[in-house]
Structure formats: structure tokens, C-alpha cells
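Lettered A, B, C and D in written order, each chain numbered from 1.
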Amino acid sequence: MIQEMRFVVAYLFMAIGVFFSLTSVLGIIRFPDVYTRIHAGTKALTGGALFVLAGGAILAPSWQASAKFVLIIVFFLITNPLSSHAIARACYRHGIKPELIYKDEYGEKISNKKE
Amino acid sequence: MGLLLLCLGIGWWLWKGVAAMEDPEFIIGPAAYYIINTAEETGAANIVAAILFDYRGIDTLGEASVIYTTVCGVAMLFSKSKYKRSSAGLSFIARRGVSFLVPFLLLYGSTIILMGHMTPGGGFQGGAVFATVTILLCIVFGSSFEMSRIKPKTKETIESLGGLFFVFLGGVGLLAGAGFLANTAAGFPRGQVGNFLSAGAIPLLNIAVGMKVGAGLSTIFYSMVRVLELEFGEQMSEVEGNDKN
Amino acid sequence: MIYVILWGLMLAALGGFYRVVVGPTVPDRIVAADAMTVLMTTTLATLSIVFKNGVFLDIALAFAILAFADVLIMAKYFEHGELHK
Amino acid sequence: MKPKKAPIVLFVALFLFWALYTGRLDFAGLAVGGLLSTLITWATWRIFSPPAHELPRNIAPPLHFNFVWSLMFFPLFFWEIFKATTQVALLTLRPRLYLMPGIVRVKTNLKHKTSLVVLANQITLTPGTVTVDIDLAHHELYVHSLNLRTLDECAVCKDVNRLEDRLRRLLE
């Protein structure tokens, strides 16, 4: 009984994670410019990977394997926001302007600095 | 559309290849011998490590010396100027995050090296992780920070020490009268398969190769990066000055 | 059941590959490639359950570390125009 | 975190990482892990802990970790990630995209620079916002938002300030 419960919960987590991954990739394809694509590529993908890996940790045969799943989750939680921040900043510094923007206070700061 | 079909086809083909590894009839010839006898003969649970460092240890010595030769060649080719230092790096968020990660990455690399005789990994892979750490430090903090922490001379010394250690371990076999790079025949304890202290000289050889590969790869990276800077440095000097965060 | 999960992840990676090929600017490609590496790591971890083999987990962690270093290197190259300045 | 406490915390974290990663609880494994952790702590704790010039004693209070509040903090954190993910999923599944992106400057009141970095990473993982840059001199963050909602007042700032209050209870 407990075993079946474990399977059901794990597959539920994994299914949610795959759904989130698919939608995030759809976002990467559909969104208009780089900055909005970074939104899709960071958040939804971190969430999706987190859910799939959590399902894997529940499903894993031994506690050593579960511990490795948890380590991969923690690694993603630390590095994914870091890398997306690095890409966003590099894009702006390189001079790629957002295609769709309503308010830009960062551009004002950079142009003030240059003058 | 054709691209999609190509991807699906390659994926299906790889999937068949991986699935075939489950088939017992897939294992024939010398592979069967190694799978059956390795653990008993060498005491190593990782068959690849046993083959690398025991059955064909001299080949591995040759492979490790390839890296040494490469380092020598690269250093001779590009030795026109001293290492130029710079402190340009990424933003403060990346700096703090990477400095938080660095100790864990170092421990991960040494784990791969030390567990090389039981789990996948070994000297070459762990050395690559160490080189990744130095490259990350150079990228995120700028090369002057990295070079002030780990001097280029130190790296060369570590690499040479690794090579010497490897040859010395081979010489122990000669002294015991069992041939160059002999493992259990030279009196190294075999131990219990799966324990830390097992497989005789294989963990020590892993450490030697790890020192050699880690130091060698990061030295190669620095030499290459210097070449990039010599070629493009003049064009890009005007972009400087907007990185004071 | 777990094969459905694997096929879903691979389909997602294929979508990322579309953006890598088409993407009008370089950072688009970097973002999509980063997404693909995350999906690949997840796929490797899931494969460890399919084959009941812990090897894939070690490979997944090492792959994640290398992918992270990759993205930072690309970001620095993009920000400064070169790696070492 | 006080400078003297930093190496101990680092050692414990490294040892935990070793035990979880290798999964060996016999004597030899733990002994090798302890030895390696000690070595790496000795080599790198200066990089790990904030340097002295970043932490003027009389202005910035030392970073500490509120354990009781962390029991409440982490479930909230994961709930925020879940919300962010569903938000992006719903956005992409609509036939028309309703986006109103923009980059906003957000002032924060956190005193410690390390907690600012944690806040920046947390902003990236929570709904609708990605940190673009950080201004250490004025303690400001530049946040790219997917949906500004209104142009006049800063709706994103309220979200960020809510996260900031939680983080201050955890770390300062």
C-alpha cells in the first residue's frame, strides 16, 4: 500500500515537472525578445527540473541515490538564477535593446554613467 | 521538418544502442573475461579504472605524458610576453555565488579522484573538474585574482610532481621484482572490493594523474587565453571602463 | 510510464533545439542551449531510474557543473567582447 | 556570520556534502571525508567568508541564521517557485500574449551585501521578475519584470519588499 502510494506521488510529481518543462520551452519559442525568454528559460525550467528530480528522489531505490537527487536540486537552485542573471546583464551591456518595453530605468542609469 | 526527422532518427538509434547494453549476449570476447575476473584479480570495483591503471598502466603513463608535452609545446610557442593580468570580471552577484560554490566543487573533484577505483571517474575526470574551478575563478574574478592565489609556477610544479609520483609508483614494482607498474604482484595490498583501501596502487596512481591533468589543463587554458588577448587586445581596449561594479 | 516522462523531456529539448537553430541573436541561442542542458541533466537523472544504475547520477552532476561554467564563459565573452582583458 | 564562525560552518557543510554524495558511513569513508574537508576549509575559507572591507563592524551587523524562522521560510520559498512556474505556464498557453515588460529600480533596506545577493537570486526565482543588475553603492536592484501591471506606481517593488522582509528575518 505504502509502496503504491509512493509510486503514485512520484509519477504525479514527474508528470507536473514534464508539463512545466514543455510549457517553458513553448515560452522560449513564443516570447518576443531575449529578456522575456530568459524569464521562461529560468523560472519554469527550474520548477520543472525540480519537480522531475523530486519525483526521482521519491522513486529512487536507495537513500544514497535520493541524496544525489537532492544534491542536484540544490545545485540547480543555486546556479540557475546566477547564470540567467549573468546572461541578462551581459545582453544589456552588449547593447541588445529589448523589443517590447514600457519602462526602462536601467538604461537611464547606464547612459548617465557614460556622460 | 527534415531536421526534426533526422533528430528523431538519431534519438531512436541511440536508444537502441543503450538498450542493447542490457542484453547479456552483447558481452562477448575479451569483455567477458574482464567483467568476470577484474574484481578478483585487482580488487577494484570499477573495471575501467582497473584496465587503465593495472592491465595497461604503461599506456596510461604515455597518455599522461601527452599532456606534459602539450603544456611544454604551448608554453614554448606562446612565450613572447609575461602573463598579463586583469581584474575584469562579472557582476557582484556572480562573484559571491561562485565563491560560495568553489569549496564544494573542489571537494567534488577530489571525491571523483579518490573514489576512482570504485565508482565512475578517476584521475582524468577529477583533474578536469579542478581545471574547471581555476577557469571559473579566472572568468568570474579576473585572471589577476586567480594568479595571485595559485601561481603559474606552482601549477607547473604540481604537474611535474604528479608525473614523478606516477613513475615512482611504477618503480616500486621494479624493486619488488615484478615488472614496471605491477600492482598486486608488487605487494600492494588488494583489500576488499568496494572498500576505500582496496585495489592496491590504483588510488595512488589516480591521485598522480589527477595532479597532472588538473595543473596541465589549467596551464594550457592560460596560455591560450593569452594568445587571444595578444590578437584582439588592441581592438577591444576602448570598451574598458564601464565595469566598476 | 517512465518512458512517457523521458519522451516528454526529449520533446522539450527538441523545442529548445529549434530556438538554438533559428534564434535571431546570440543570447537567444545561449538561453535555449542553457535550457537544453538543464533538460539533459534531468533526463540523465531519470535514466538512472530506468536502468537502475547510479552511474547516470554522477554524470548528471558533472554535466550540470560543466554547463554552468559554459554559460558563465559565454556571458563574459558577450559582456567584454573577449575572455581575458 | 562572524569571521571566526565561518570556517566551522564551511567544514560542516563540506562534510555533509561528502557524506551525502559518497553515501558511505563506515569509518574509512568518514575519516577520508573529514581529512579532505579540513584541508579544503583551510585552503578556501577566506574566499567563502566576506572579506573584511565588505563588512565594516560598526555599520553592518554580522550575518546570522535564524533556524526557527527557516522552518517557515523554505516552504514559502518553494511555494513562490511553484507560483512562478504556473504563472509562466499559463502565460505561454494563452493564444495571445499579454505582456507588459519593463526594467524597474527597486530600493532595498538590507544592510549586508551577501544577503543582497541572496535576495537577488530569490527574486529571479519568484513570479515575473529577473534581476538584471545590482548597485552596491546605493543598495539598489534593477529588476526586469514580465508584467508591470501599472506604469505609475511600482507594483514590483511591493513584491520585492515582501520577500525582503522574510529574508531579513532569516539572515539579519
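Please note the rule applied: contacts are C-beta pairs under 8 Å (C-beta built on N, C-alpha and C of every residue); 3 or more make two chains touch, one makes a residue touch a chain.
What you see is a predicted model; the values in this text were computed from it and never measured.
*Asks:* Per the definition at the top, count C-beta pairs in contact and tell me whether A-C or B-D has more.
*Replies:* Per the contact counts, A-C leads.
*Asks:* Report, in whole Å, the distance between the mean C-alpha point of chain A and the mean C-alpha point of chain C.
*Replies:* Each chain reduced to its C-alpha mean, chain A and chain C end up 11 Å apart.
*Asks:* In whole angstrom, how far does the Cα centroid of chain B sit from the Cα centroid of chain D?
*Replies:* 32
*Asks:* Which whole number of Å gives the spacing of the CA centres of chain A and chain D?
*Replies:* Taking the mean C-alpha position of each chain, the two centres sit 15 Å apart.
*Asks:* Starting from the mean Cα coordinates of chain B and chain C, work out the distance between those two points in Å.
*Replies:* 22
*Asks:* Listing for chain A: what residues touch at least two other chains?
*Replies:* Chain A, residues with two or more chain partners: 19, 24, 26, 38, 46, 48, 64, 68, 71, 78-80, 82, 84-86, 89, 93.
*Asks:* Which residues does chain C have that touch at least 2 chains other than itself?
*Replies:* Within chain C, residues 54, 58, 61, 65, 72, 75-76, 79 contact more than one other chain.
*Asks:* Quick check on chain D: which residues sit in contact with 2+ other chains?
*Replies:* Residues 17, 21, 120-121, 131, 133, 135 of chain D each touch two or more of the other chains.
*Asks:* Using the contact definition from the top, classify how the chains connect: line, ring, star, complete or other.
*Replies:* other
*Asks:* So, with touch as defined above, which chain pairs make the list?
*Replies:* Those chain pairs satisfying the definition are A-B, A-C, A-D, B-C, B-D.
*Asks:* Help me check something: in the complex, which residues belonging to chain B touch chain D?
*Replies:* 91-93, 96-97, 99-100, 102-104, 106-108, 110-111, 114-115, 195-197, 245
*Asks:* Which part of chain A faces chain C closely enough to touch in the complex?
*Replies:* Listed in rising order, the residues are 11, 14-15, 17-19, 21-22, 24-26, 28-29, 34, 37-38, 41, 45-46, 48-49, 52-53, 56, 59-61, 64-65, 68-69, 71-72, 75-76, 79-80, 82-84, 86-87, 89-91, 93-94, 96.
*Asks:* Contact residues on chain D for chain B in the complex?
*Replies:* Residue list for chain D touching chain B: 10, 13-14, 17-18, 21-22, 24, 26, 28-29, 32, 36-37, 40-41, 43-45, 47-48, 113-114, 117, 120-121, 131, 133-136.
*Asks:* Report the residues of chain A in contact with chain D in the complex, numbered from low to high.
*Replies:* Counting only chain A, the residues touching chain D are 19-20, 23-24, 26-27, 30-32, 35-36, 38-40, 42-44, 46-48, 50, 62-64, 67-68, 70-71, 77-78, 80-82, 84-85, 88-89, 92, 98, 100-107, 109.
*Asks:* Can you list the residues on chain A that touch chain B in the complex?
*Replies:* 78-79, 82, 85-86, 89, 93, 110, 113-114
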